[in-house]
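Here chain A shows up in two complexes: once beside chain B, once beside chain C.
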Partner chain A sequence: MGALGKPIILMVAMYLFLKFVLPNIPGSAPLPSSLIFLYLLLTASGIVIYETLSGESKDAFWGPMQRFLTGKNSGGLQVLRYGVLILFPLLVGWETYGSTASSDLPPTEGRTIHPAPPGEYTGLSNPVPKTPENIMQGKGFYAAFCSPCHGGNFDGKGPAARGFNPPPANFADPTTIAMLQESYLFWRIKKGGVGLPIEGAPWRSAMPRWEVELPDEWIWKIIMGEYDGAHQSPRTWE
Partner chain B sequence: MKPVNEMMKQVLLGGAAVIVAMVLCGAPFSFAQESVAVRATLVTGGLPLDDPNAAAWSSVAPASFPMSPQVHWPNRIQEVTVKDVSVRALHDGKQVVFLLEYADPTQDPDDGAALEFMVGDKKAHFAHGQPMLQVEGGPVNIWFWKNKTNKAVDMSAKGFGTLKQQVHQDVNAKGTYSNGKWKIVFSRNLSNEHPDEDVQITPGQFINIAFAVWDGRKDAAGELVEKGSQKAVSSWWYFRADAPPDYSSYMYAAVAVALALGFQFVLIRKLKKGQ
Partner chain C sequence: MGAIQQGVGTIQRVLRAVRGRGGWLAVLLLIAGWLALPSIGLAAEGTSAGPTEYRDIPYIGSRNLVWIVAQLHLLLAGFVLGVPIFAWLCEVIAWRGGEKRYDKLAKEFTKLLTSAYATTALFGGILLFLLVSFYPKLMNYLTDVFFPSFLLYCLLFLLETATLYLYWYGWDAMQDGRKKTLHVFLGFLLNFFALFIMIVPNAWATFQASPVVIAEGTAIERAWAATWNPTWWPINVHRLIANVVLGGYICGAYAGVRYLSVKSTEEREHYDWMGYVGNFIGVFGLLALPFAGYWLMREIYQYNQQMGITLMGGFLSWLFIIQAMLIGVLFLGSNYYFWLGITYRIPGSEAKYRRSMLLMLISLLFCLAVWMTPHSLVASIEEAQKMGGAHHPLLGVLGVMSAKMTVANLMILITFMSFVMYWRAGKQDTAGWAKLGKAVMSAVLVLASLAVIVLGVWGYFVPAIVRINYFSTSQVLIVIFVILTIAPLTALLLKSAKTTTEMVWGSMPPRAGYALVLNAVMIILLMALMGYARSSSRVHWHVYGVMRDSSPYAYSPALGSASLIMGFCTFFFCILVAFIFWVATMGDKAKAAAPPGKRELPHGIPAMAGGAPEERQQT
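Let's look at the complex of A and B:
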């Protein structure tokens, strides 16, 4: 088992890293099982190439496996050998069942949270001067029109929010308005959910199309009030 | 008294141990659990088509969905009575029946409830299938029940102001009120001859469903509080009528096991000969 010990440890360590460590690194996300499988396959290929570079290492690598499978001199490993020979076909059967049985889960609909805005809404700057009065007025409009869903605390937890899926954006979260430009918010507020492109799943969003009810100046003031109230700054190009 | 850094070390170690245990056990970090789909269980024999209190309903697990006041378009409403609906469904391969339940402190003549479905392959906005600016949407089919008549109206819409009663009325509904709770059954054939107007339900396939409720209470001036677009609404969720049991996956798995056994047999025989 000497020559096989290291590869086995390496494969297990790689799996544990991909499954449990990588998703917990800030900014990362859980890896889909297909990607984990692909990475493990690449790792295994690397190990096989490395271990079979010379005739000597090749024998040291394959030899124990051949002896294990044929049961020659396997001694105390005989039970393990039978275990592997029984478990392998069962695993293949289980995987086949899993990939052909109908799923009880609804189809997954990928939704892009921040899809690209139309050209006319990129790079616009807020035409309203950033004065305390305008910010205060923006917060007043926010309280009247936006807070029922986005919350009096700008946290997406307004009294009308609970039934909506996707939930209203939480502006205090640094991954929402803090990473967007003011012109992006102008587009989202003006056109609402129905203005999203197909990858934004417009049929799900409850965001109103405010352009039919509010003048542009009010929308720019609301944007100002949102950033100030949520203690965030708009993204700018340095 | 322990030194501060010794205590910190213990706290950090304890915290790390808890996180490791949670990760190893696959425990989710969020504990909120809500339904995403209504499942119609396939039954043989009679469906409780007009009986919201039938014993058959107790054998079906309910799915629960949160409701919001309708704030998407004018006229809006800021607060509604109904905060959640509970939904169950059954089908027999020909007809489907839904049981919609919700708490309402008073029974009023203007109480009402509706199920909404997307029709056809095109996505429709949950607000009456209103037009989307960059996506061509489809129509919605609305099954509307009102307490006044205790009947269903089969309706269609594709945008605001387009809601209309269909020529073909295919849906039945009946509600009963007791102990501060409405129970309403809606039933219809799984499929019919009007695929452009009516949702067509194919067992095994997920389709989109949404809910709306009107509490018919009146304010101090005698005006209805919830009416028209002023109602409780849900987002789109999923509905599926269960398909008849399919055992082909077991057969595929058996074939795969046989192939894997054969592969092992050939491989070991070859290795033994080689030696």
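Let's look at the complex of A and C:
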């Protein structure tokens, strides 16, 4: 059990770390099972690679398993083998049932957060000059129309945010609007959640279709205000 | 329908005519008529009013059939165009350095090449017929744009074939003196034509994704403008490197399989060495491949935001997580092979390097974990609510390019250091400046790794354009600097080093052979995956923004369905390559089995069918 014990302890420790330690770090949250599975898979791969680097370590690693499966019947080994033979398929069956049985929960489905914009919105540039006045005006429009959900600090934590799923975008996060061109934001604000293409489903965003409320010029100014307020820059090619 | 009825009527008339001449003839004709029915059905669509735009085929569908044949052709072509590069380099090494084993290896690579060449051409021909049959409107348009380059391609193909014949059949006859120089020149020409055979069709494929259309000018001017489109050179560079990687890993897998099956010590040593060379070539290309891929994606994104987002943020973005997994397995597999080499080929080295191997393995797995972490996670509603959305508040930052580029560069550095470790194993430095040299190398490595990480983190706080144009480029340049500094310094150190443990070839365990096969399967899957991504990024356009796909197949298949086709292409390609190599080595096995007096095979045995021309004993 010597050489096999360390890998088992490592796997258990990794699971406990991912399940209970990482989520409790300030600013963190529980990891979805898909991510835990991915990291455990990598850990298991690492163990197999390391333990099979030499003949001795390979024998020490596989030896107990090999002896258990093919060794002489002594000390009730036969009973244990039968136990594994029965328990292992049951475990696989239980897992399979758990992952395929119908439940009252909505199905897990990868939603594309940033689907591709329609052709007519690509290549548009902000027609409003970037002046302090226009930025201030944009921030004012933002405060009036956007901040109830996206927050006064541009962090997606407005007073109404808690009621929505998916939650409003956090513009201060460098992985959101900083990755996008201004024309993309123009499309999203103008068309809202109902204008998302099919890959944006399920649970489309509750973002209103602002084109019915706001003129294009205001939208462009809001975009300017958003980037400035969130201390981000739009993606450009110059 | 008219055509079908006409066809059935014809069959009935023929049956009446042969009545009385024996039932067997009627049955035969009936079978022939039944087999011909689908073709009548296909032709039926062509008889409708107006020019035919599309034809279809029952069950499998025209798009799937073209997809499979195109992918197989591309994989075979990648092998056929990648192998001559290192076959020729091996020949040059043998020619200049006098090591005959490199010449033998080059010849063995070329044998695989000649065997695969005819099958590649065959699949190219099938693909052309299918495209002309199923997509006449598109092919008519492409012919109109590219007619001069079609002719050029035919000429290049003739030249490539003639050169390959001369190169292969002339191998034994051109071994000495000036004849060898001529043979090496033929190898150069082979690669020269192969390069153009690759970049000319690349223009057609890239034109479909990023077209440049000019209405005026001569046919040559229009073809030239269409050829020089924004993604042409990025694809050329990316495919050239990828072909070398594919060729290297497939040759490695071939050597791995032979290594597992041969009995004699001499052959085990040879195929162990060949496997090592194959893996080295694959790794050598793999180090440069992510840079080329990044440049290609950057050009696509800049060319069209919609296409860029479709690939990197839209519905195809999940493919890049699978890509990360496949590349990760490649990196792990290649490093594992190096580490096994240290343990088994250089006895006694394991204890010295085991700790370093563990550190490298942990670093590789950590980098891989970052690379494989998606920005938007697969989560149930409950899990998403706990996270506050699809992005994890802490790990979400790992899902964007700044993190991915950083870990890709670090993985390249680690793999390079694995190779350096293998290179140094079993040798003792004797140079007076060895201590200083090693300190400089360590400092360069540590500082470079830190610089790559700092730039990666800093990348989150600067505008995207600064990150893409300066930070990512700097990371790549830093890694290149490390490789260009440490490789020559190590070579200099080893020049005067004392060999403490001789390399023992043929002592690798069977799992080393399986690792080589795994690497080959991974690179094939990877090419199938990325082929789909590149092609699908055009969405419902044959020629992006110019010619819309109006066929019933103008939709992107679900990723699960697409993965079935990719899996099938990979499986079928592996079977095809195994068959080709099996046929190619039949002659060798026959020779080995024949009694000494009868070992010579008849002259003129067709190489294309897999037989090797008689080999003179050179070693």
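We take it that the second predicted complex is superposed on the first by the 130 of 238 C-alpha atoms of A that agree within 3 Å, B and C clash if a C-alpha of one lies under 4 Å from a C-alpha of the other, contacts with A are read in each partner's own complex, and residues count from 1 in each chain.
Methods note: a residue touches a chain if its C-beta (ideal position, glycine included) is under 8 Å from a C-beta of that chain, and two chains touch if they have at least 3 such contacts.
None of these values were measured; they are calculated from a predicted model.
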{"item": "Touching partner for A:204 - first (chain B), second (chain C), both, neither", "value": "first"}
{"item": "Chain B versus chain C as contact partner of A:125, first or second or both or neither", "value": "neither"}
{"item": "Which of chain B and chain C A:184 touches, first, second, both or neither", "value": "second"}
{"item": "Which of chain B and chain C A:106 touches, first, second, both or neither", "value": "both"}
{"item": "Partner chain in contact with A:173 - chain B first, chain C second, else both or neither", "value": "second"}
{"item": "A:78 touches, of chain B and chain C: first, second, both or neither?", "value": "neither"}
{"item": "Chain B versus chain C as contact partner of A:30, first or second or both or neither", "value": "second"}
{"item": "Touched partner set for A:45, first chain B, second chain C, both or neither", "value": "second"}
{"item": "Which superposed partner A:165 touches (first chain B, second chain C, both, neither)", "value": "both"}
{"item": "Footprint overlap on chain A, where chain B in one structure and chain C in the other make contact", "value": "106, 165, 203"}
{"item": "Footprint of chain C on chain A - complex, ascending", "value": "22, 25, 27-35, 38-39, 42-43, 45-46, 49-50, 52-55, 58, 105-106, 108, 110-119, 122-123, 165-167, 173-175, 178-179, 181, 183-184, 199, 203, 233-238"}
{"item": "Touch list for chain B against partner chain A, complex", "value": "23-24, 36-37, 39, 65-69, 71-74, 78-79, 83, 123-127, 130-135, 137, 204, 206, 232-238, 240, 243, 246, 248-250, 252-261, 264, 267-268, 271-272, 274-275"}
{"item": "Complex interface listing, chain C residues touching chain A", "value": "302, 304-307, 309-310, 313-315, 317-318, 332, 336, 339-340, 343-344, 350, 354, 357-358, 361-362, 365, 368-369, 372-373, 375-397, 399-400, 460-465, 509, 511, 539, 545"}
{"item": "Chain A - residues contacting chain B, complex", "value": "20, 24, 66, 69-70, 72, 85, 88-90, 92-97, 100-102, 104, 106-107, 148-149, 159-165, 191, 193-198, 201-204, 206-209, 213"}
